[in-house]
Amino acid sequence: MDGYYESYVLVAALLAIGVAIVAGALFANRLLRPTRPTPEKLTTYECGVDPVGDGWAQSQVRYYVFTYLYVVFAVDAVFLFPWATVFDAPGYGMTTLVEMFVFLGFIALGILYAWRKRVLSWT
Amino acid sequence: MMGWIPVALLAVPLLGALLLILAPRTFRDVLRTYGLIFSGVTLALSLALLATFDHGGPSRMQFELDQPWIPGLGLRLHLGVDGISLPLIVLTALLTFLCFVYLCWGGSRGFMSARPRALVFTLLVLEVGMIGTFLALDLLLFFVFFEIVLIPMYFLIGIWGGRGRRAASIKFILYTLLGSVVMLLGLLLVWAQTGTLDIEALSAAHGAGMPRSIQILAFVAIGIGLAVKTPMWPLHTWLPDAHTEAPTTGSVLLAGVLLKMGTYGFARIAIPVLPEGAAAVAPWLGAFAVVGIVYGALACLAQRDLKRMIAYSSVGHMGFVLLGFATLTPVGINGALFANVAHGLITGLLFFLAGAIKERYHTSEMPALGGGLLATMPRLGSVLTFASIASLGLPGLAGFWGEMLVLFGAFQPANGLPRGLFLTYMVIGGLGAVLTAAYFLVMLSRVTHGRPRPAPDFHPPDDLVPLDDHLIHEPPDERPVTRLGSPATATLVPADVYRHELLAWTPLVVLILLFGLWPGLLLSLTTPPVQTLLGAIS
Amino acid sequence: MHIVYPAVVSALLFSIGVYGVLARRNTILVLMSVELMLNAVNLNLVAFDVWLGDRLHSGQVLTLFVIVIAAAEVGLGLAIVLALYRNRRTVDIDHLRDLAEPADDPARAPARPAPVRLQPDPATRAEAVQPDDHRDGESAPVNRGGGTR
Amino acid sequence: MLEVVLSFVVILAVFLVLPLIIGQTEHKVMAHMQSRLGPMYAGGFHGWAQLIADGVKFAQKEDVIPAAADRRIFMIAPGVALVPYLVVLIAIPIDRDRVAVDLDLGLFFVLAVMGIGVLGSIMAGWASANKYSVLGGMRSAAQLMSYELPLVLSASSVAMAAGTLSLPGIVEAWQWWWLPWQAIGAIVFFLAGLAELRRPPFDMPIAESEIIMGPMTEYTGMRFALFMLSEYAGIVVLSFLTTVLFLGGWQGPFLPGWLWTLLKVFFLAFIVIWLRVTYPRLREDQLQKLAWAVLVPLSLAQLALTGIVVVLT
Amino acid sequence: MIQQIDYFLIAPPLVLALAAALVLLLDAFLPVRPRTRIGLGLVTLAGILLSLGFVVAQAFGNGAPRSTFCVPPGLAAGQALCSFVVDGFTLVFAGMVLAAAVVVVLMSMTELAGGAIPVGEWYFLLLCTLVGAVTLPASRDLIMLVVALELVSLPVFALTALKRYDGRSSEAAVKLFVVSVVSTAIMLFGVSLLYGIAGSVYLSRLGEVFDPQGAAGAELPAVVTVGVVLVAAGFVFKIAAVPFHSWAADVYQGAPIPVAALLSVISKAAGFAGLILVLVSALYGQAGTWAPIVAIVSALTMTAGNLLAMRQRSAVRLLAWSSVAQSGYILAPLAVAATTPGAVGTSTAYLVIYAAMNLGAFAVVMLVSRTTARNELDDYRGLALRRPAAGITLAFCLVCLAGLPPGLAGLFAKVFVFREIVAGGSGWLAVVMAVNTVIGLYYYAVWTARLFTPAGRAEPSLYRPPVTAWLAVGLALAAAVLFSIAPQLVLDMTSLSASG
């Protein structure tokens, strides 16, 4: 149990170091760089012309189907990893493998369906 | 034994109804005789029941049938007949049959003209429910039949009724439904306390095993349900509307049978099963009853509508019946049961007559009818006079004995009941009887006597059917007053009694006379079972 | 580590989620709050699993399933919200009043004229909408004014 | 304790030096592949100090934050993009028993933390309040979504083969014949990793000719440098991971283990550069289709193959 | 260490799942034609019937509870801990759900004939819900219970929203969704607490731990109460009981009518199965905590449902609130379940009867909805005269719901409940229920009355309902009539479940 927490303490330490590096770099940058902001400089860059409308203007998003697909499979991966570590342990074997493939088959069915319904290709 | 007769009594009309649903087209042409045949067979069966009934032991349950139905509830298909239910069963079969007679030859003027199949169906289902109620010997079964009656009666009023039928039918069904639910609670209370639903066993136990408070509670609950149906005074308000708007057959069956189901419930269930509760509540019951008598009579005096007046008279008559029950004496209850049957016959006849008049004049408003019925239609007028006199309790006719016995019962109520109070009730009841006489005589003087006046609002027969769909859009209860000054209708005076009407009325007239002259016929049937039922109190 | 730490953290997380659900009217934010609640559940489950030393690791297994459930809920929820937004141009729960209890008592006003329908009735609608493939938001017909009655 | 400090020093060295080397290599390799010289002046010998010079330049440039931007998120986004790659290194073994922390969920940890890096792009894209940037952020997110899956599936294939999620454990279990056995998985993993890094040909989210570096449009100076650094750090990490998972990490004859590891990493990094020069940019829908219609089924097939072989042997 | 799987036992959900997969494949590969639509419906129907066949076959087995997915003996510490148990309780619920599903599919075939709804998705989601609903009553651990419950819920959201370009439909879905996910989260928190206290997710083990008389239950922390209440809350949502009832009417109205039927019967059955399993099977020792809550919730639910139903003009809304009220009735016996052994059976019996009559009502309402745009009560005026079969069926089902003869099924169902709660000593609840029955009578009667009052203008209805619609109506009516004549059938079936 101690080793468990300790290893993550180390991770946290490294994380802190990483943050420190970034912060340090930015701090150094602050010391070195000039600061002469002008309104023109601070406008949003849109190929040199004056920006049109809101920067967060809503635009067409076609990705959500992929998001759903991703969620499905990512979730499937959640089960895959614990299984992957034990499926060949003594006493499991072929049955376990087949079961997982039944599971994966059901999920693959989803992607097959999406493909047939032309969700994956854009018109 | 002849256990099959009760089943057949239920099965025959049910079969008729089902056949009508399953093969709708087959019987289209024979609908008139169809209903007549099925109700006739039922009547024949009931007469067979009457004939084979062991008149030596009317207090014993006969023709018993006892089959488990829903063991999980302890509900059994328990049917049987004794001296209390026998006359009512025969009365039901008879009145239904007469209704069909009336309809069969009523021609296109009758209600047969609109939705005849549905009408026959409704009446047959109604008959199943009514007979079943009188046959049932299981609390839940009783309740089921009691409720089954509501639906066809509701449609009878709601579809074939007069102009205010919607409001009337909804009022009818809401009142009775509310009453039923309360009654169901009471029944369940009894069941929860005793663990049985068997009426025979329960009445034999005479309330053993139920504490007094529970009995009172249960009696009040059951009593409310029954009293709505009876109807008892403050719960009666559905009755005048229902009667007024119902078609003739509906009114006849409503007055002749349905009201009896309430009182029958008192005799069959409430009093024998819950004697202590009955004893505790009886003074109140009596009080409501006499209020009902007086109120009914006074209300009658104020009525302009013939049907409405007869309906209010029912309230008064049923008040007598309830008063009889409230005495808890054999005399009083016997009287109540007698008055019950007599009221069924007489009021049935009265409603037939009112229907006939309404059919002819297209109104039952007494002012609109004018007077002189005896002169214009002597036979109709005389039957009306006869029925009214029977209803007001003239000695020698059926109406007399029941009310007299009830008043006797009130004179000497059961032990434990406050005698002074019941004496008061008796006095008020007597006063009510006088008032009854008064309003009937007033009615007769307005309708049968006096100067004949041509019916101003007479339409050709083809326009007679009161259920055109467009009527529904008129606001309920806003009956247009008769169109005055319509020209020259004197030549179109409607005919006197038709043959089919005579056919339908004669048995009733005969029976009224018979029971009036020979009350023992009925009393011999009811007395022994009443004795046993009251075993615990007396 | 004492069990009380994760338990308290989880309870706090859950409470924040509940607050979000109650205070936020934007469907997406409600959804996120629910995710917080579910994560509180996960934290609880894992902590209890370790604390109990459950040999069956029921807590962890349930955690996996809760993750799945959460993912499925989010996926579905977003899809529904998207569909709603296409039809109504709002994702505010309080503006969803098209289906609601009738405002007045029908017994008192039986002849009240029928409320103005935002949707044309099915027959006319079928004509109005071209049956093209709407996988994106732009070409979907918008029934405007859905929430602003 | 000393060991820990030592390993951290190594990690930092790897993290700070290797990206530079790879960046320089990219300059030179690309140049030579395109028949030109590339940087030749900075530092003298073949322009070895070019990237350092670039770094100095970046450090001195003004840091412009657009007025419309979401300031705070804008400012921290580069850090978010960069730091995860550093943290990932903690779990990667360089030689036998040379790993800072042997996490028993190492593979899981690594994949999870790598995913955070993309968050930096999305944050940058959003915070810039620039249409191009928002679009680029969206594309980054979509790409992450699509390619995370084959990445994870093929990685889990290795985990299945080794029966552990620990990275040193996987290397330990590695046999030479895993090379053909896991070949599909390796390719899928590598390609998916590239796509997550948005390296060409998967650089649609930052396509400079189209959406002007996407999320990074508004960035200048040091913050932009951090993004660039994170890209090369990503290549390092990806190469390390592929090495560890599929190429047997430190395993190899004759040479010391760490050298094998580095060799394999450089080899992979070279391939990354090579791909950039060789292939044109994929269109957005092609990107998605490649992921879902090719890589995911392939990785599933690899899973099946792995499972069957493991059970049978 | 592999758990042995008894495939015969899990056949019902398995068949459904395979059917779902098949439907999806067929939808993907078959050409889009009206014939395909019908074909998919038939495949779905076949899957459900096959599954039902397995349930029946299991019912005619030797009767002893059989279980699968058991913890291997080495880990179970001497107890039999199983996740999937097939006993009377399971079979009754599964059978009811599947039978109802047949009707729902028949209704769907009518609804989908319009073409506004993607067919493959529809049937697929429907089958997914059914998998959950069939699995739920067999689940005997919290994990399976939670997963099955979600499997019931999630597809329904999608089903609700499947009518594209219909703002009402997506509004309904959002409302359902938000309430549902919140209640799920609440329930899961409760589950995590229970797990933390008991250290196990198996219901049998939970039962031992939470039994105050038991060995382990000497000193239970107060947080148990919190856990119990939170878990119950999750299921209370599914059955649309107070305080999670507000979604019912909006969702029923917005959703396609088969989905409303599904919500009101299948999803509700699943909710009750879960509630019974958790409260009666796992937490019977804590009855002191939950029994009063259940009683109060039951009373409030029936009251709220009835009062709200009274003022509705829309048919579906009225049915929605009435089904909320009916939930209250079904819930009532559970309040005394800890003291009277038959209470669970009574609830189940009511549920079975309710399913039949409610489906009948929905089937007719769907028929009417094809011809009327708004589907308000006034549209039903004269239905019994225009379409006698539909009108009389609806009348019968409404009368059944009201609990009046000749709708004996409803009457007897109410009588069962009355008896149970009176016997269990909750007289006040019986009184509340009686009052509610009266209120219920009012609106059912008013609606029934409309069926028979002649319409002002007999509008010519061009619509000819397909045979499936009549089949749905007929099946539901047949069940309702059967239960009216022989309610003992239901009692016999559900008394099996009393032990569960």
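When the chains are written out, they are named A, B, C, D and E in that same order, and each has its own residue count from 1.
The definition used in the following text is that a residue touches a chain if its C-beta (ideal position, glycine included) is under 8 Å from a C-beta of that chain, and two chains touch if they have at least 3 such contacts.
By chain, UniProt protein names: A = NADH-quinone oxidoreductase subunit; B = NADH-quinone oxidoreductase subunit M; C = NADH-quinone oxidoreductase subunit K; D = NADH-quinone oxidoreductase subunit H; E = NADH-quinone oxidoreductase subunit N.
In this text the structure is predicted, and so the values were computed from the model without any measurement.
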Report summary line: In contact with chain B as well as chain E, sorted by label, we have none
Report summary line: Intersection of contact sets, chain A vs chain C, gives E
Query - Chain nearest the overall Cα centroid - result: E
Query raised in the report: Among the chains, which is located farthest from chain D on the basis of C-alpha centroids?
Result: B
**Report entry** Which of A-E and A-D has more C-beta pairs touching across its chains
**Finding:** A-D
Report task. Sort the other chains by how far their Cα centres are from that of chain A and give me the top one. Result -> B
Requested in this report: With chain centres taken as the means of their Cα atoms, state the distance from chain B to chain D in Å.
Outcome: 94
Report summary line: Here the gap between chain A and chain E, centre to centre from mean Cα coordinates and rounded to Å, is 39
Report task. Could you tell me the distance, in whole angstrom, between the mean C-alpha positions of chain A and chain D? Result -> 13
Report task. Return the distance between the CA-based centres of chain A and chain B, expressed in whole Å. Result -> 82
**Report entry** Multi-chain contact sites of chain A, meaning residues that touch two or more partners
**Finding:** 61, 67, 74, 89, 93
**Report entry** Pairs of chains in contact (touch as defined earlier), listed by label
**Finding:** A-C, A-D, A-E, B-E, C-E
Requested in this report: Mind listing the chain D positions that touch chain A in their complex?
Outcome: 4, 8, 11-12, 58-69, 78-79, 82-83, 86-87, 89-90, 100-103, 107-109, 126, 128-135, 138, 141-142, 145-146, 148-149, 152-153, 156-157, 159-160, 163-165, 212, 217-218, 221-223, 225-226, 284-285, 288-289, 292-293, 296-297, 300, 303-304, 307-308, 310-311
Report summary line: Contacts from chain A onto chain E in the complex sit at residues 89, 91-93, 95-96, 106, 109, 112-113, 116-117
Query - In the complex with chain D, residue positions of chain A that touch it - result: 7, 10-11, 13-15, 17-19, 21-23, 25-26, 28-30, 32-37, 39, 41-47, 51, 54-57, 59, 61, 63, 66-67, 69-70, 73-74, 77, 80-81, 84-89, 93-94, 97, 100-101, 104, 108, 111, 114-115, 120-122
Query raised in the report: Inside the complex, what are the residues of chain C that reach chain A?
Result: 1, 64, 67-68, 71-72, 74-75, 78-79, 82, 133, 135-138
Query raised in the report: Of all residues in chain A, which touch chain C in the complex?
Result: 5, 60-62, 64-65, 67-68, 71-72, 74-75, 78-79, 82, 119, 123
